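Each of the next two complexes has chain A plus one other chain: chain B in the first, chain C in the second.
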Partner chain A sequence: MTSDRRVPRAARRAVPPGLLATPALAWLALFFVAPVGLVFWYSLGRKPGLYQTHANDVLTLDRYREALGDTFLTSFSGTLRIGVTGTALCLAIGLPFAYWLAVKVRPHRRFVVLALVLVPFWTNFLIRTIGWQVVLSPEGFASRAMQSLGLIDAPFSMLFTRGAVLLGVVYNYLPMMILPLYVALDRIDGSLREASNDLGANRWRTALQVTLPLARPGIAAGLLLVFIPLMGDYVTAAVLGGARGNMVGQLVASQFQQAQNWALGSAMAVVLIVVIALTILATAAAGAVCTWLLTHRRRRELAGIAEGSAA
Partner chain B sequence: MNHHDHTPRLLAPAARVAGLPRRTFLAGLAAAAGAPLLAACGGSSGSGGSGAAAQLRAYSWSAYDDPKVLAEFTAKHGPKVIVDSYSSNEEMIAKLAAAKGTSGYDIVIPTGVFVPQMAANGLLQELDHGKLPNLANLDKAFQNQEWDEGNKYTVTKYWGTTGFVYDTGVVKRDLKTWDDFFDAAQKEASGKTSLVDDPGEICAMLCFARGWHQSTTDKAQLDQIETFLVDTLAPHIAAFDSSPGSSAIPQGTHVLMHCWNGDARRGILASSEQDRWKWVLPGPKTNLWMDNWAIVKGSANADAAHELINYVLDPAVAIKQVDFVGYGSGVTGSEEEARKLKLGLIDMIFPSAEQVATMYTGVINEGQERRMAIVNKMKAKAGA
Partner chain C sequence: MRSRPIVDRLLGVWGLLVIAFLFTPIAVIVVYSFNSGRLLASWEGFGLDAYSAALSNDDILSAVSVSVRAAAGAAVIAVVLGTLCGYALARHPGGRIGRLVTTLLALVLVTPEIVSGVALLPWFVSLGVDQNLTLFNSGWVRLVVAHSLFATAVVTFLVRARMQGMDSSLEEAAADLYTPPLRRFRSVTLPLLLPSVLAGALMAFTLSLDNTIISAFVQVSGSTSWPVYVFSAVRAGLRPELAAMSAVMLLLTLAALAAVALVLRRAGGSKETVGALSGVR
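And now, the complex of A and B:
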């Protein structure tokens, strides 16, 4: 019996500790590191002629100078505006909803509400977005309904406006915000809120100083899950915003697909990766500073209370 | 595209790859990771192939074949036709060039001016005229084009032209020229105008209006095109939409739409108020293009591909295709046949001889990159 037990244990010990991560690492190396490396390599090249897409015979940084021109910066600032506003809206709508779901809804009903949040994912995301195009068009359902109710007298057109872009973006990305927020809020022990209440904090103070700081990992995950794909997504914006939904991703795609200038397209892609990374780092730094300020202030308060009670 | 010069060989030597079901294997991988690297593994693959193909894969413009015609072909000759679509010649060429004979496609439909480039880069297979007895049905006017003397690689599928459609309920005057189009776009139709998402077509508009060659390489002219499109026109553009016929016209999304004749016809036919829309072939000049059947080099189903091309050159089949897409086919007598059958909005399919005289074809030249940059700048401005 004892030897039987020892054999599998020995076998387990023989497995190198990193083995479990190997498939993921191989996947990352093959489908992430290698392609990004290739893109970086192409970005140092040039487009040698009308019918060739790229060549690396001469290494140059000229493509980066071209990539950082007016066109790119204008498109990028538009993209950043949609990205930041869309993410902020998702947070503003998702946070109260996730709180309600995690705290107020009875546990046995949560499953149903969560399922409802996920239902839109059953349909292809392009189809869902084109669905909005039909709803928002001047001859569409929304316009007809509002006209027949007498709310408006002429066909309204929200399609191809910035409002339509934001609507589509929030609609498509909201579940990505709600899910991590829900998980984070659900994990917070309810007794902590009760303790805060018992110690004299009102509801707002409990929410701001107990619940929110504890939900911070969920908020960070939600922000990242929405912001990063949103900055690269140009389909939602193009379908609902038309010319008003010009995103920088379109510019990169057009260099590969239409201009067949892979060198310039790669340089744009690298710039985009770097700028998005910097934006996230800046946001994270700002978040860290805010947290530090909050906790620092609170610590002094606590110190004061401790001194007071000792005296 | 001579990838061979500078592309390292990756993954496996060609001899080993040949043992795998290469077309599916490489096509799948090529789509997922750096396609050009894999392209080098392809090598030259046998053309011709078996007559008993189970399916034919066509890479084509969207909604370019009547599904009923394809179903009838399958019923009669066997192979099922699977169609994927692209939205520009450049996109199709990029994919074929990257895969070098391993794309898995048998048939593509390039626009005439792109054919010499594709043939020179070994993307197309020479046609076997012995397998195309119906080639005799192709009108002389559509044979022997300068971009493919002797129809070595291609057979004309459709020809068409570029113009615009407007909503007569909003623009209550007669628009006739490209200058009228620009004027309306800045006035009644401001913020309700769409352009086709094609750099060549967008830049050509001002050329047609000013009498310059539509594929100009003159720097001063290109500068003027840039200033006009970016500073004057861009703020009034609502969308870049290559097929307003599929939804924008039936849904009344825009007031003024730059589009191709067949697409405009399809949109107007689908609209609940056909009288509301007016199609204009603008003067003084406009575009003429021909899209063509071609067989991809390396196709394993070349026999079946010839069979399909031969099938649609049958006048009875050709007319169904014409009615479906709204573009003229190159088959002799298709206009007379269409008039006999009284197809809807027939003048949009077959412009008059005087109108055709105002049309000419563009060329592919070194102005291409500049046109792309201009249109990207215009898009950035329109979105700002």
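And now, the complex of A and C:
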């Protein structure tokens, strides 16, 4: 009998499963690892002449010094501000929405609401941003309607400001925040909330000490999915911010597309990656500290209760 | 308990407001596609002029066709590579290759588009010009390769999530009945994977249609994709034709989305689809 079973087992291993991953691995090595590695390599070089884009005959860190100049830093701090504010706003708007969707909406309607969230997600984001440009334009219908209703005295002056850029990025990346939050909240067993309620915790306490800690993976995924693409995005800012919407992505792009200085552009791209990584690490550390404080305090409370009941 | 109805009602209002917020610009674009004026933002009157203008504008039609062809190519590559890879990761998670691929795919997902764009442009130039692989001077090939990377990661994680939710007893039964490996894959594994493969293909397609930044870097003249065309029109002046073409594409995307949603719903995998899509597993 044992030899009977051995034959199909051997047949089952005819193609080792690990082998099936190698085409993807080769593809990524060729078109992801190699090109990104090349960016790091270029960033150590220089632009030798007017008509050449890069040279690595002398390795130097000068491009990084050049990249960290005033223009770049101004634009960078502006981008970082929009990135952090935009991500925070997405969380503030998305969290109550995802909670409503996962807990309050009746199950048979949930699919419909979820589809409604997905539809804008799959519409061209540039077109949606242009839609906002139409809404915000001083001669647009919204501006005229509000003027004729007497709500505002002068035409809209929001287009081509930082506020418009912020509106645009919050709008464009909000679904990326809602989806992981929804998945995380949806997985939490409803009986945990009931138990917390039965044990005398009020709604706010249940939300803060039961639901929110359990939704942590979703919050982390949402923050990543919004913050990273937002930091590299310059299209939204170009449509809604005009000249004021100068994001760092635009600077990097112009080094490659206009100035033809690949060495400097590469150094800027590397700085962008490093700053994004550092911001994520800082946020993760802050999150860990918050969690520790919360659990630490609760443990002390529990100890106090135990002593109280023993006395 | 007394506060419940008020808080619930507030949450409901918030939910509706967010949905309205998400749909505002889409509604505006659809309405303004019927603007008979010359400039998109200034309404002159109702008319279908923009639609006939869009469908007879060669630049617009060629940009849309470039985008659709690139999206089809990227979706095919992503589905082939991602299905194999996702299957391997679910059935053989501990291997060294598996861990390496997972790390790389995660890195692909978190790399900002601008970085991928600036990395791929010099790479294609050095492959196409310096190494004389003329294949990489074709705009279509460049767009397909560039768009396939992110899409491969999405398909892989979708397929892996689907596969992990399924035990391997069916495949083992087929193996015990001496079904040859290829046939086993075709008639047992693939039907099980179909919903995630379909969802992945659709996502790969729409992500590629949407891609602006990477496309702007890797394109060669003559193969301008639709988003890049729209982006250049933002600087040159927006006309209602763009809105009309967008409305047509929105309609087509929605039809495709509805078809896939129907298949997925029948297979009961909507939750895991959203989960895999959003990176939460």
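Everything that follows uses one rule, which is that the second predicted complex is superposed on the first by the 276 of 311 C-alpha atoms of A that agree within 3 Å, B and C clash if a C-alpha of one lies under 4 Å from a C-alpha of the other, contacts with A are read in each partner's own complex, and residues count from 1 in each chain.
Criterion: a residue touches a chain if its C-beta (ideal position, glycine included) is under 8 Å from a C-beta of that chain, and two chains touch if they have at least 3 such contacts.
Nothing here was measured: the structure is a model prediction, and the numbers come from that model.
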{"item": "Which superposed partner A:P96 touches (first chain B, second chain C, both, neither)", "value": "second"}
{"item": "Touched partner set for A:L59, first chain B, second chain C, both or neither", "value": "neither"}
{"item": "Comparing the two partners chain B and chain C, which touches a greater set of residues in chain A", "value": "C"}
{"item": "First (chain B), second (chain C), both or neither touched by A:F256", "value": "both"}
{"item": "First (chain B), second (chain C), both or neither touched by A:S137", "value": "both"}
{"item": "Partner chain(s) touched by A:V112 [first = chain B, second = chain C, both, neither]", "value": "neither"}
{"item": "First, second, both or neither for A:L151, with chain B first and chain C second", "value": "neither"}
{"item": "Which of chain B and chain C A:A184 touches, first, second, both or neither", "value": "second"}
{"item": "Partner chain in contact with A:F31 - chain B first, chain C second, else both or neither", "value": "both"}
{"item": "Overlapping contact positions on chain A, where the chain C interface meets the chain B interface", "value": "31, 34-35, 38, 53, 133-134, 137, 139-140, 256-257"}
{"item": "Residue ranges of chain B touching chain A (in the complex, touch as defined)", "value": "1-2, 6, 32-34, 36-37, 88, 90-91, 93-94, 97, 117, 120-121, 192, 194, 199, 234, 237-241, 247, 250-253, 364-366, 368-369, 372-373, 376-377, 379-384"}
{"item": "Interfacial residue positions of chain A with respect to chain C in the complex", "value": "5, 7-9, 11-12, 14-25, 27-29, 31-36, 38-39, 42, 53-54, 93-94, 96-97, 99-101, 104-105, 111, 113-120, 122-135, 137, 139-141, 171, 174-176, 178-180, 182-184, 186, 203, 217-218, 221-222, 224-225, 228-229, 231-235, 238-239, 249, 252-253, 256-257, 262, 265-266, 269, 272-273, 276"}
{"item": "Residue ranges of chain C touching chain A (in the complex, touch as defined)", "value": "3-4, 7-8, 11-12, 14-15, 18-19, 21-29, 32, 40-43, 77, 80-82, 84-85, 87-89, 91-92, 95-98, 100-101, 104-105, 107-108, 110-123, 126, 145-146, 148-149, 152, 156, 171-172, 175-178, 180-181, 206, 209-210, 212-213, 216-217, 226-227, 230-231, 234, 238, 242-243, 246, 249-250, 253-254, 257, 261, 265, 270-271, 274-275, 277-280"}
{"item": "Contact set on chain A toward chain B in their complex", "value": "30-31, 34-35, 38, 47, 50-53, 55-57, 70-72, 74-75, 77-78, 133-134, 137-140, 155, 157, 159-160, 241-247, 250-251, 254-261"}
